[in-house]
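Quick one: structure below, then a few questions.
Per-chain numbering from 1; labels A, B, C and D assigned in written order.
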Amino acid sequence: MKNTFGQSVAVTVFGESHGPELGAILDGMAPGIPVDEAFIAHQLDLRRPSGKISTARKETDPFRIVSGVFEGKTTGTALTILIPNSSQHSKDYAATRALARPGHADYTAYAKYHGFEDYRGGGHFSGRITAGLVAAGAIALSALAGKGIYVGTHVAQCGPVADAPFAADEETLKQQLKDLNQRTFATLDDDAAQEMTRVIEKASAAHDSVGGVLETAVVGMPAGVGEPWFDSLESVLSHAMFSIPAVKGVQFGAGFDLTCGYGSQFNDSFRMEGGRVVTTTNNNGGINGGISNGMPLQFRVAVKPTPSIFRQQETVNFMEGTNADLQIKGRHDPAIIHRARVVVDSMTALTLCDMLALRFGTDWLAPTQPTQE
Amino acid sequence: MKNTFGQSVAVTVFGESHGPELGAILDGMAPGIPVDEAFIAHQLDLRRPSGKISTARKETDPFRIVSGVFEGKTTGTALTILIPNSSQHSKDYAATRALARPGHADYTAYAKYHGFEDYRGGGHFSGRITAGLVAAGAIALSALAGKGIYVGTHVAQCGPVADAPFAADEETLKQQLKDLNQRTFATLDDDAAQEMTRVIEKASAAHDSVGGVLETAVVGMPAGVGEPWFDSLESVLSHAMFSIPAVKGVQFGAGFDLTCGYGSQFNDSFRMEGGRVVTTTNNNGGINGGISNGMPLQFRVAVKPTPSIFRQQETVNFMEGTNADLQIKGRHDPAIIHRARVVVDSMTALTLCDMLALRFGTDWLAPTQPTQE
Amino acid sequence: MKNTFGQSVAVTVFGESHGPELGAILDGMAPGIPVDEAFIAHQLDLRRPSGKISTARKETDPFRIVSGVFEGKTTGTALTILIPNSSQHSKDYAATRALARPGHADYTAYAKYHGFEDYRGGGHFSGRITAGLVAAGAIALSALAGKGIYVGTHVAQCGPVADAPFAADEETLKQQLKDLNQRTFATLDDDAAQEMTRVIEKASAAHDSVGGVLETAVVGMPAGVGEPWFDSLESVLSHAMFSIPAVKGVQFGAGFDLTCGYGSQFNDSFRMEGGRVVTTTNNNGGINGGISNGMPLQFRVAVKPTPSIFRQQETVNFMEGTNADLQIKGRHDPAIIHRARVVVDSMTALTLCDMLALRFGTDWLAPTQPTQE
Amino acid sequence: MKNTFGQSVAVTVFGESHGPELGAILDGMAPGIPVDEAFIAHQLDLRRPSGKISTARKETDPFRIVSGVFEGKTTGTALTILIPNSSQHSKDYAATRALARPGHADYTAYAKYHGFEDYRGGGHFSGRITAGLVAAGAIALSALAGKGIYVGTHVAQCGPVADAPFAADEETLKQQLKDLNQRTFATLDDDAAQEMTRVIEKASAAHDSVGGVLETAVVGMPAGVGEPWFDSLESVLSHAMFSIPAVKGVQFGAGFDLTCGYGSQFNDSFRMEGGRVVTTTNNNGGINGGISNGMPLQFRVAVKPTPSIFRQQETVNFMEGTNADLQIKGRHDPAIIHRARVVVDSMTALTLCDMLALRFGTDWLAPTQPTQE
């Protein structure tokens, strides 16, 4: 589906960078999930640009929920979140509308929508649209937490700087995930955050941009969720991740590193621990044969450097079919890696809610398991 | 969907490693596509283990098409391909059925199917099931070739050995893709294939296994295919790739390498060339904003080392909830990377047929564009 | 999908009777379709209760489009229409929330949503939600009209009164469809509308309600749309029709009448006419084997009498598990048949846009067929 | 989807009238359901033509299950049933392939598949394909019965003859449903079956054909299944019913009769009975607001007279664009109503399994509710 993702729990996004409102619909979520507006606001804040390493465009994200919530809880029907855009100066876009910004979707949008696309500020392709995903994702994260399932993401790498790795121990990991959610620049190691910030500032000063790697973990996931073939947990999670703008790679567990060694190094041995099946390592990222094995889900997402840079670039005027030079104006982020992580958390939570509801039914995520009719 | 993938052109797989027959249904393909049984057989041969670097289990792959083909051409309705399994000795499996092979799906299958799963030889999780995908994919590849779209994959890396890169020039690349399809061990550089074979043989001798990286390219893809959000071309292609057993990573264009440099290095500049919009580099793998830009699609897939190794491994008896040791018997591949590439080609072709049919209609892939009613 | 319908062109509805806003998202519509706000308003007016045969609850239907339209035309991305609810008095609902209104969804909503449902005024089950469908449907109707496809519905029967039948001649029929769209009470015969109105008034005076039969026709539909099996045109159209509250029957062509006669009476003979294949009768409603045959689509929809009647009724208090008596208060429609027809037109148009886009591609409905990339 | 129906439990059909094999895949069924091959054979027998009121074409229906069953029980993965076609004489079809049989899909198949369709004996449109649905449906019926849910259908009307109505009492109704499954010509009243047989024989003697009305009931359905809007239980059931060849109408509860009376007559009052919510009448067919209310589901399906009649008919040669006369040869059924009922049972069961699995999870239909991981 074009703007809808999910089978039992589904999210739909809509809006454009310079339209009046954007948002999301969260459909099929179990009834009775408390909707914590402060937590939604907190999540939207994590996504918002802030400080000098992010664009100065002031995005305030007030939001309102116009359906699907009654007396503070989900009703189980379509939940609609609207986020108004603050007034934009759109006049500057018409002049350069046919100049394809390198690394952006201007030309491909034209090839698909034949010039009818809203080209202002990236239109429907704008990263701004992820605000809707983050708001819907906040409710999905709450629902999962109610079942003891926690999701979190850190900036594992930015430029040449690497963060500390996730803890192998599940209890420690769970605490790390909760802590990460409180951080504006989400690293496990404080020094890493500072170094990464310097990398970004340096890129900014050089009129350039950087990308990075996000690493996500999920603890508390029950075993037995996912499908052997087309709806493998890797398939649906990667489908969700590659929906996020600027994501160009996804790997589970040891991922591409698995290709550099031997089976004997990477096979995760099973052991009994406290009456439960565990693995002694987690090179498969908590997934065997497309199905969760009860260990933490773990995966990495590659985020490319922001394509908007303040240098003259070669391009084409795709309406005239001529070569052209382009100098992007305005203010743009020299990095989005620190903001993208909350989008990754959100899409992860939405995807897992869907997979869990498909597996265990639409009531499973409800805080108290209701008696079956 | 569990065993069905695709919206307009869809593939369904079925079967188990030790069942009587396995296969696939290809549904929604345009009518009138010539079905070349020799090409299907060729593709199945590429997937078959052969020589000393593959398992000695003799898999002959006769197949028969029982629906959807009439007078040698696709009818446009469900096309069913059946592949019989040769007789298997299944008795040995019962003894170890509760011992989870590390890196395999035995335990997760149990968590999902509660012991009712066919556990013999991996059952429905077996790589053998990919034979159905390859047979269906052969028809998809033919359909694409009829429209000037070519798909090919090489073993870009195996252990420490790297193959030569794909050509940047589209005509040369197209020839490379055609050549790769003729090779049993698909590399661009002959020496690389020999070195990789030695790596695999060495692993085999050490009772171990290796993985590798496959790189795929597609030339001739029209611009304007894919969606900005949930059905981005990256999303649907990665969904397909992660359906393939042992795949643990997918990246498009420069992928994870994009995270180590600057925007100024990786932005693909647009230029006019022969009246057509092209990019001077292809770090985005032919996709901007989720939509094809007309350049070759390019992506890499990480295949983990075969988990079946001939060493004693620690595991659990998941039915008894006890620790156990496991020594896998029989013959198993020390590597599947050289066989997996044709599965990657097949899933790529099936996915692109679907995306093209959604975009341009169900007749688009037909050899001669029929007059619209 | 729960609140989303369609594969290539999809509609999503959201909102509750007493929530702040309701609406719909129209996704996947071709780019470049002119969006005529006056026509949307006109359609919403046709759905609104008016005069003494409809409820006095004043529903003004201002609406605003917050995404997917740029410079007056569809962009091709998710198009969101919001319709605010006027302020409601909701206090009266709490007292009777556990008394299941006979013929309504109060009890089934409770069985599904466990008491978390918004019970005020029917909540998400309210017929009021169809306003979103009508607004989205207006754009679908415009898109179809741009391709020479016209949809229209008349009140074929209300109580004992029958309307005149649709014309057999296609040109006359097309004119009838256009005329119907201008009528508040859509009949082909003016006298029938007056008699039906008297039937409704009489029911209202008796504190009772009536239903009726709507008949829809579509002219200009190309042959070759629909699928032999699960997405037969009948299947998808009936799926859409039964989504409309109070619909309890759907039949195509001669429908249930076909069961009372002989094959020799009902087989529609084919003939050439003006170089085109036609049928001399249309007992199959323009569909053979699930696929359009180029003749007008024709089907009938049974709308049950409004379940809200001003009489004491027997029911249960489903929260206490006791029998109870119920006297519905407020003002309610003694009939909705004359308002439902525009909902039928809307769902028909949305469904056909989807089927046409699946068949001929996402650009087919665009006013000017763009050159293929 | 074209040949696949269902979201959590899905069925895929394939095959042609004169191809080597046809069949179905049942995917997503809970693991552990006993597969009773004798019951599948029994169901296939109910679908087979027999006696003088059905075509003399000898259809023996041996079948084999090639995947998804292990040790006599469903595994939970794709279950494939193959049914070989006995050898057919196909030569006679080529001569008349361009003559559209009135009431059949020959012309619409041509409009959709451009002449590549297998035209022999109706090809993929043949009623013969329903054998696959019946075989898959048998397993769905078994699964439902294991949960106390029973499905049954009687020939409510054939020509001018009406059968006795279903019992209002649930226990009696359940017994009726079980009895119907043992009858070749499924009526509640023996005399009705005999009279209907005479009607069919008379039509046959007159080289004509008749249709009829099937009525289906389901007892034991839990309340709370279905969706308020697009996946209303009526929507998905009608979608399934209209997939069956020759079905032209579907109505729930009192259906079109609801349009002839008053709300006060048809509102089903709620009452407590044995601690359970029931309705005193069932004019809504067990569904309120698209959701099951715990009362028996009840609906009627209109089956048109078989279009193959032994009279000269007017038609066109659609390849030459000329008028033509057609005299159908061979042997054909003067009625299929008595055979279609088992197809209706099957599609009903498949649809309900899907809706129940979506609602309560993929394990719900399993005989013993397994402990959740």
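Keep this in mind: a residue touches a chain if its C-beta (ideal position, glycine included) is under 8 Å from a C-beta of that chain, and two chains touch if they have at least 3 such contacts.
Since the model is a prediction, treat every value here as computed from it, not as a measurement.
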Request  = Would you kindly say which chain has the C-alpha centre located farthest from the C-alpha centre of chain A?
outcome  = D
Message = So using the touch definition from the top, which pair is joined by more C-beta contacts, B-D or A-B?
response = A-B
Query = How many angstrom lie between the CA centroids of chain A and chain B, rounded to a whole number?
reply = 27
Query = In angstrom, rounded to a whole number, how far apart do the mean CA points of chain B and chain D lie?
reply = 37
Message = For chain C, give me the residues that contact two or more of the other chains.
response = 1-4, 7, 13, 77, 111-112, 124, 223-224, 228, 294, 363, 373
Key: Complex interface listing, chain C residues touching chain D   = 1-5, 13, 100, 102-105, 107-109, 111-112, 124-125, 129, 157-160, 203, 206, 208-213, 223-232, 234-236, 238-243, 245, 247-256, 258-272, 275, 277, 279-280, 283-285, 287-294, 302-309, 311, 313-316, 318, 321-323
Query = Quick one: in the complex, what on chain C touches chain A?
reply = 1-4, 7, 10, 12-16, 19-23, 25, 27-28, 31-32, 64, 66-68, 70, 73-80, 82, 111-114, 116-118, 123-124, 363, 366, 370, 373
Task = Note which residues of chain A are touching chain D in the complex, please.
result = 7-8, 77, 222-224, 228, 294, 358-364, 372-373
